[in-house]
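Dropping the structure in here first, questions after.
Order of writing sets the labels: A, B, C, D, E and F. Residues in every chain begin at 1.
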Amino acid sequence: METFINSRMTISEFIAAIFDKRETAGVAAMAKLPSGNKAAYTLFTDKKSAENSIPFFPAMPVNAAKAVSKFTRQASPSKEVAMFLRPCELRALTELVKIKQAGLDNLLLISFDCGGVFPFKEISISDEEKLKSYVDAFKNGKNCEGIRPVCAACTKFVPKENQADIVISLIGRKPHDPLVMSFPTEKGKNTAKALGIDLPDKTHTSPVAPSTAVESLFKEREEKEKKLKEKIKTGFADTGGLVSMFDRCISCHACSYVCPICYCKNCYFDSQTFEYFSESYFIRMGEKGALRLPVDRTLFHVGRLSHMGLSCVACGMCEDACPVNIPVSQIFKTIGSEAQAVFDYIPGKDLNEALPLLTYSESELETFED
Amino acid sequence: MDKGIWIDGPVNKGVMKFLKGLLENNAMDAVLMPGKNKTGDSNAWFFLDRDGLDESASPFPPVMTTQGAKMVSYLTKKNGSWKKTGVLLRPCELRAVIELAKLKQVDLTNLVLISYDCPGAFPLKEYLSGNQQELDMAFETSLGTQTDPEGLRNVCSICSNFTGSGADIEIGLIGADSKGFWLIPGTEQGEELLKKTEESNSFKSLESRDKLVEAKSVQRKEKRETTLDSFQQSVNGPENLMTVLSSCINCHNCSRVCPICFCRECYFDSRALNSGADEMLRRADRKQGLRLLPDLLLFHMGRMTHMSISCVSCGACEDACPADIPVSMLFTVAARDTRKIFDYEPGRDIDEALPYSVFNFEELKNFEAPYTRQYSKQ
Amino acid sequence: MTDNGYEPKIVAFLCNWCTFTAADLAGTSRIKYQPNIRIIKVMCSSRVDPVFILKALLDGADGVLIGGCAPGDCHYSKGNFYARRKVALAKTLAQNMGLDTDRIRLSWIPASEGPKFAGVVNEFTEKIKKIGANPAGQEVFI
Amino acid sequence: MTDNTTLKDRFFKKYHGEEIQKCIQCGTCSGSCPFAPYMDFGPRQLFAMAREADMDEVLNSNTMWFCVSCYNCVVKCPRDISITDHMYSLKKMAAKESVKPPAMLDLYRSFNSPVEKYGRLTDAAAMAEFGLRHPVAALKNMPLGVKLVLKKRLEIKPRPLDNLSGFIKVMEKAEEMENQETNGKLANMESTKQ
Amino acid sequence: MIMRYGFFPGCSYKGAAGYKESTEAVCRELGIELAEIKDWNCCGATSYWSTQDLKSYVLPARTMALAEKQGFTEIANICNACYSTLRKALTRLDEDGELKEKVNLALHEEGLEFTGNLKIRHFMEILVNDFDADEIKKHVKTDLAEFVVAPYYGCQLNRPWGDIDDTINPVLMDRLIKALGAKPLTNYSAKTECCGAAHMVAHSDSCVVLNRRIVKDAVEKGADTICTLCPLCQFNVDASQAGNKSVNMPVIFFTQLMGLAFGLGKNDLMLNKLLTPFKMAV
Amino acid sequence: MRESIPKIGVYVCHCGTNISGKVDVDAVSQYAATLPNVETARNFKFMCSNPGQQLVIDDIKEKGLNRVVVASCSPRMHEKTFRKACQTAGINPYYFQMACIREHDSWVTEDPDQATKKAKDLVRGAVFRVTHHQQLTSRVVDINPNVLVIGGGIAGMQAALDIADGGKKVYLVEREPSIGGNMSKFDKTFPTLDCAACISTPKLVAVGQHENIELMTYSEVIDVSGFVGNFKIKIKQKPRYVDADKCTGCGVCSEKCPSKVLSEFDHELTNRKAIYTPFPQSVPNTRVIDADHCIYFKKNRCRLCEKFCEANAIDFEQKEKIVEVDVGSVIIATGFETFDPVTISQYGFGRFPEVYTSIQFERINNATGPTSGKILTKDGRKPESVAIVHCVGSRDKNHMKYCSRVCCMYSMKFAHLVHEKTGAEVYEFYIDIRSPGKGYEEFYNRVQEEGTHFIRGKVAQITDIVDSPEDRGKLVVVAEDTLARKVRRIPVDMVVLSVGLKPSSGIEDIVRMVGISLDSDGWINELHPKLGPLATPSDGIFVAGCCQGPKDIPDSVAQGQGAAGEALSLISRGKLEIEASVANIDPEKCMGCRQCEDVCFYGAISLNPVSFVCEVNEAICKGCGNCTATCPNKAIELKHFNNDEILAEMEGILFNFDKFQGDFNQDEIKPDIIEPV
């Protein structure tokens, strides 16, 4: 475990310092939009405009990993860009890097303890009361009322994985206090040096022990996670459960579009293959007496799970985007983790861990035939 | 047409009986229409034969879960319907079907288009989270009356094309006072089919209906203009537009559910509009900050260029928007102007060519004043 | 035939080199087995997309059999390893989404094992008959 | 006595005797059998006869009664036929068809009866029972018996089970089920099994 | 460390010539606990196989069910017939679910349930396979180097399975004999010839012929003693020499041989119970 | 997408009564006529016959069909036939689909109704699938004229010689130090009793000297890649430690070598040295040092051979070499080895010194063998009686269930030789005598007349237990004389076990390398037992001799020649069409995630760094489809097995048609029932 250091600077000072003391071409973080009352993930290239950034704002209008992918897929930046990512976004990014949809060259990844986010429709910058209760809950290591159900049940809210260059410890503190940070990677350590932060050999270890707050939040969430999974599993008790779970789906496929892992250009389920000849509709209808349209509605979800369930980081975007309030993310989190368990795979854990379907172990062949 | 077959009795039942009759005497083999699931708490589109009809059909849904024209496209895109299929559509869906037929995404072969006087629809999200039974009831009672149910979608409340004209068979509800309905043939095919119904001889004049329709249409048109005008004010200029769109999350859901956006891969998702990181940094530099994902406005504006001419104002996009952006209103406003240029009304007539696919030599001379020149058919 | 006369329909994706050949061999050896299986040839069991399996189940197949080469025998050297993983994934998803995983079976049947093929088919058919018809087959709302 | 075809049928269906159809008559079994010289027919010949439904002769022969369960033939049989088991079946059939009981059947019965009674066997009990049935053979073994008694090896007193009543219940239940089976209830099941 | 096995003595254990005593003594020496299955019953053996359908399975199943209930996972046998009967019942019941159901139906009368989760083993095989030969060598106190032992296995140890050793020419006991420091008669061809088993009672004449062959081969090839592992084999080979003055081949149990090697006492081995007297040549 | 409106013709084959005996073919073809897009549906006695094919061709031409479905046997049998018919008629051969209603239906189904139902389902699947078929072009590749022959036994040598004589280059790979195989161990051959060496030695020499044959002894094939016409072969040449160019074959080294090893060639009846040739006539006659037993390699001293070699041929520094060659076809002739009877413990092989296997007995009879051709016991006696035990390991479920085909004949050859050389009594223990060859039965009669005791019964036991005085010092063979119905115990001096033939070790590796399979007995599966006995399911791979099943010498030679003919015929075509089923990536869909690259076993997929999409090298792609199933984007399609085709077939199979059956097309089209011609 990396040592946490009190940096003695606030978040805005920190961002300014990145521009000043380290040759950084840009910083990407959540920021106030010039128009409207919403925040968006924004890339800044100068200190001044970056003042608008509010990296810890509890909303996720886009999964930042998707933004990073868009940003780096074609070509990585030639100068360093610092990017703020929530732990789940960081995990998603790792998965995307594995499938070559994002590059990490010249990126300085900054992550932080995540208290969860509100459904983006339900939070705006002016909503001070909500934000205050969020900060309070954060400080006390509690879940804030009203955050997304998957966030409330997320136990991986501390960016433990080593992909982040800088990790900011937040839980048990207030976001505008001086930052307590660790620098797990070489790149992070260099940044710390550039910013003039003393590294542990001269010791400024964390003044407040955050562990109790983290632990209490972890416990609460663990409990929630268990309940959430149970709820979903009961929902899928049988074929009838499967039907009712996706009953409302209008086949808009928004969930796949906002999903960071669903990187395909054309979703297989939108392809020609699933456009049938007219006779096929007649025959299918004849089989059951009636045919609900569009067809393959359930298959889309089941099939999408088969494509990305192993990499699902449970970021919750899909559920936010669903216009008919299907608990997509809760479903994918639950079932995705079941599938991941089969291959002993944790998405986003390690860049060098091969995707389960692209590898195999020699011994498993005998065991599976049934 | 001044007369229609009059059928007495409750509308819902009557329409079902009529459809069933057509299926039973093999005038049609199947019907594509809205329905409900067994528990009755979910509206959807169904493809049914005579056995399935009783079980699942529900001809007048109070919401639009999926746009019917999309369903027709699914069914017929590849070589047309295999057998005779009746399709029961809202007027806006009917218009979309016509547009898609022009775009070759629908094949009208073997289709019998049936439409009706539409009272509008409730917003999907509010319907799903509200008291559905109450809303269902409100909707049903409004069928065939002149009063609109409370809480319709914005686009519905300003819709002036609310009758099923243009269909093979039009179901006349307005003016029937819920005592029954007219079956009005719109085409030769419709006429042929109607001859096969049981009540093929009980005609009743349409005079009363036509008057009411006319009146409602005038009233709606007025409301439409004023509403759109004021809305246009609110989104005028990129600043205002961006405020409206600020909560957009780039899910492109509006294009997914749009019946007219038939592209398999949206151009705005394509590699053509992707750039490298450095290019994006330069853009951020120019604009003092670049929203990620970028090109938000471009997507919406671009989409308008692609389909606003054919936009039938069905409201599906707005229903599907997870961020509650008034997408449909935005498009209706945009389309209002673009249509004027070409005097084009989407879904009006299957033979009316798409504006982009024809031209007129005269136009060239008047390039400086497009608004003054009336578009004429070639 | 069971008492209720229920005849399940089983879709079998068989690899061209081993299991399909074994099915041929069962035929040439005139080994009688249950008639419920319908064979679809694929070149390698790794061609079987998890989506195929899930779609078959959602479309009402009562059982899905995937047949590949015995360990070490794959014509494409390691295809069956990937096949196993794909099927494992499909099974897990099915299991968690209320579809009966007993309806999915993966078997390694070498080309020379006609009797084994017949045995597997009989066994699987019996099992499926015991489980009964796939409810998804008649489920309009799926 | 039941007719030959029915007997063959019973042997084949109920006792899975149809396995002997696989026999290629190589004679390994007879060649391996320690008691072949004393048998009326070797197992090979016996099977050849059973296949052709000479069941009368088969069941009246002494062949199966000489089978000592050494499995020597089974392990060598090139057609993998479980000969010993078929011998058991034929013994059971012969006993049921009330063929004149050979000495071995009596020995078995002498063995079984103390088991049924006490759950365990003592040599003395079995020998005494057998002696009643075959006094000549018993007499022949007399000196040996005396020797054993002298060496304190012959257990005279039976050692009944602790839970003898439970044991007897179990055996009665088994008996009952077996009878049911013969009465045809389960017999159908058996015959359709293959 | 004490090795513990469930133990099925079988009906003839007690009456066999010193088998019980020597086995117990050897176990003490080696630290093996043979825990007798409480309330075991007769396995039924050939007699039941030959006359009964269901009961022939119920008998061994009851003992196995008791063993399961008493928490044993392995049952040690000292009798070839018991060993083979139990194994056969176990295998068949495992293959035939219907039969197992029926057997359990009967066993339920006594509140027993047979699942089949155990292993049937012969004590001799346990000694060879579970114990290091060097471990056994450590206990050897008497030098038996010149003592030639003909290993007589009998029929039912390896048959019909043949999975613990060759069915015709087994060598398990040869290894044990070697470990004890004695000389196994490696070319003993009669090692799996039949002793006639229960036929001894009804057809003693023919059985004597068979047993003579067993003895004669050992004599001709220079054995000092025949070593057996089944009460009935021992009895038959031993007793068949009664009428023949010319041969005098002692037939002992392998446990007795072990006892000899371990230097155990007279009471432990009970060699005096043998019909053909045993005298140590060395 | 439909490239044209499909017009499908469905043809249901009776296959004599093979199909029509179970499946109601009329009902199936009538049913097929009601399926969507089906233009015509017929049934016919034999679709694969000329008139049957003509029917398809005529319909395509007259009715304008553009898709064809034939419901008959397995595609393995006649897919090519009908594709060709389609091509002849002018439509793309891949517009054809076969429904297998024989192997997968009529032959395996008990109930005719069920069989008919299944046939309908299968036909419906095929009809649905064929609708989605695309026009594909087979790829044409040049055929490399070189041939690889694996195995230098009589079959391999014959094949190599025939091809070489045809003017083509042959690589002959043999893992032993010399070619010659099993036949070079034999003395006489049945039934003519001519000397094996006399007929095989000239072949050895011819092979060794042929300019078109590159002989690679002491070598093993370790990898085969590529495809018909263009195989790449990796061959491992083990070091001989003797320079073949310098070695004169004088043999002084072997004389001086102090290390003794049991001879493999003499099946452990004699010793050889650590530097040796297997037998005097070895080709090549270069010696080889057996490093496992060479004192120098074990203890780092000795080198006597080096000291005495005048030619300075010894080279202890030789290293293993991997050689790569390109060939167009491969002939596998790996032959057999004999069954090891040690597992049949009742025969006492290994326990009793006078029990021999038949191949050992061949060596005993051979003039170059351990006894210089005399039949003597190990202690030098002339035997008075000899037992020959048939079917050792053969026809035995515990070992090899098949008949090894040659044992009866060679056993009788032994009987004759024993008679001739020793005058001993010979007992042949047999189950059945199988002598189905030219002059074979006559030979049987001759041996009978010579007084050989033929005892019909499988030997139960061979023992040295002495029952009666005459048994002493002998082995007693126990068997039931099943004809005399008594158990005989016959004391003899010598026992010969006529062991069966089993595939050579290492055959599993070879078949895995070339991608073919073994049958349940371990022999190579040929393409078709009647029509393709020398070909395998892998194009360009042929088999000859015993690797495909037990054979006698004439058959092996015939197969060698036949396989050579196959290979030459392939070469003479010059170019070759290969399956069009390869993966193809749609650059518009590919996102460049390179998952396909990870799962491709052949490295056929790579990323185009400019367009950032993956591309398939069709020449390397083998069409397994792993990438296709892995790509979540479905940018990859496997031609002829793409998603549309497979899912359409599944749809056809799954969905019944009952509801609309009967009212579609019924008026317009009546299925044509063609009476058998």
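One rule holds in what follows: a residue touches a chain if its C-beta (ideal position, glycine included) is under 8 Å from a C-beta of that chain, and two chains touch if they have at least 3 such contacts.
None of the values given here were measured: they were computed from a predicted structure.
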Any chance you could name the chains that touch chain D and chain F both?
-> E
Steps needed, at fewest, to go from chain B to chain E via touching chains = 2
Identify the chain whose mean C-alpha position lies nearest to the mean of all protein C-alpha atoms shown.
-> C
Count the C-beta pairs in contact for every pair of chains, then give the pair with the highest total.
-> A-B
Where the centre means the average of the CA atoms, what chain is farthest from chain D?
-> B
In whole angstrom, what separates the CA-based centres of chain A and chain F?
-> 56
Expressed in whole Å, how far the mean CA point of chain E lies from that of chain F is 48
Using mean C-alpha positions as chain centres, tell me how far chain B is from chain C in Å, no decimals.
-> 45
Chain A, residues touching no fewer than two other chains = 74, 247, 265-266, 268, 271-272, 276-277, 279, 282, 284, 286-292, 307, 357
Please list all residues of chain B that touch 2 or more other chains.
-> 37, 42, 44, 46, 49, 52, 56, 78-79, 82-83, 265
Would you mind listing the residues of chain C that make contact with two or more other chains?
-> 49-50, 55, 59-60, 78, 82, 86, 140-141
Chain F touches which residues of chain E in the complex?
-> 166-169, 187, 189-190, 193, 213, 216-217, 220
Considering the complex alone, what residue numbers of chain C touch chain F?
-> 7, 9, 11, 17-18, 21, 23-24, 26-28, 30-33, 35, 37-44, 46-50, 52, 55-56, 59-61, 72-73, 75-79, 82, 86, 110-113, 118
Residue ranges of chain F touching chain C (in the complex, touch as defined) | 74-76, 100, 102-105, 107-111, 114-115, 117-118, 121-122, 125, 512, 515, 517-520, 525, 537, 581, 599, 601, 622-626, 628-630, 638, 641, 643, 646-647, 649-651, 653-655
For chain F, which residues count as touching chain E in their complex?
-> 345-346, 348, 351, 461, 463-467
Where on chain A does chain B make contact in their complex?
-> 25-26, 28, 31, 33-38, 40-46, 48-50, 52, 61-62, 64, 66-67, 70-79, 81, 106, 120-121, 247-248, 250-254, 257-258, 265-266, 270-272, 275-279, 281-282, 285-286, 288-295, 320-325
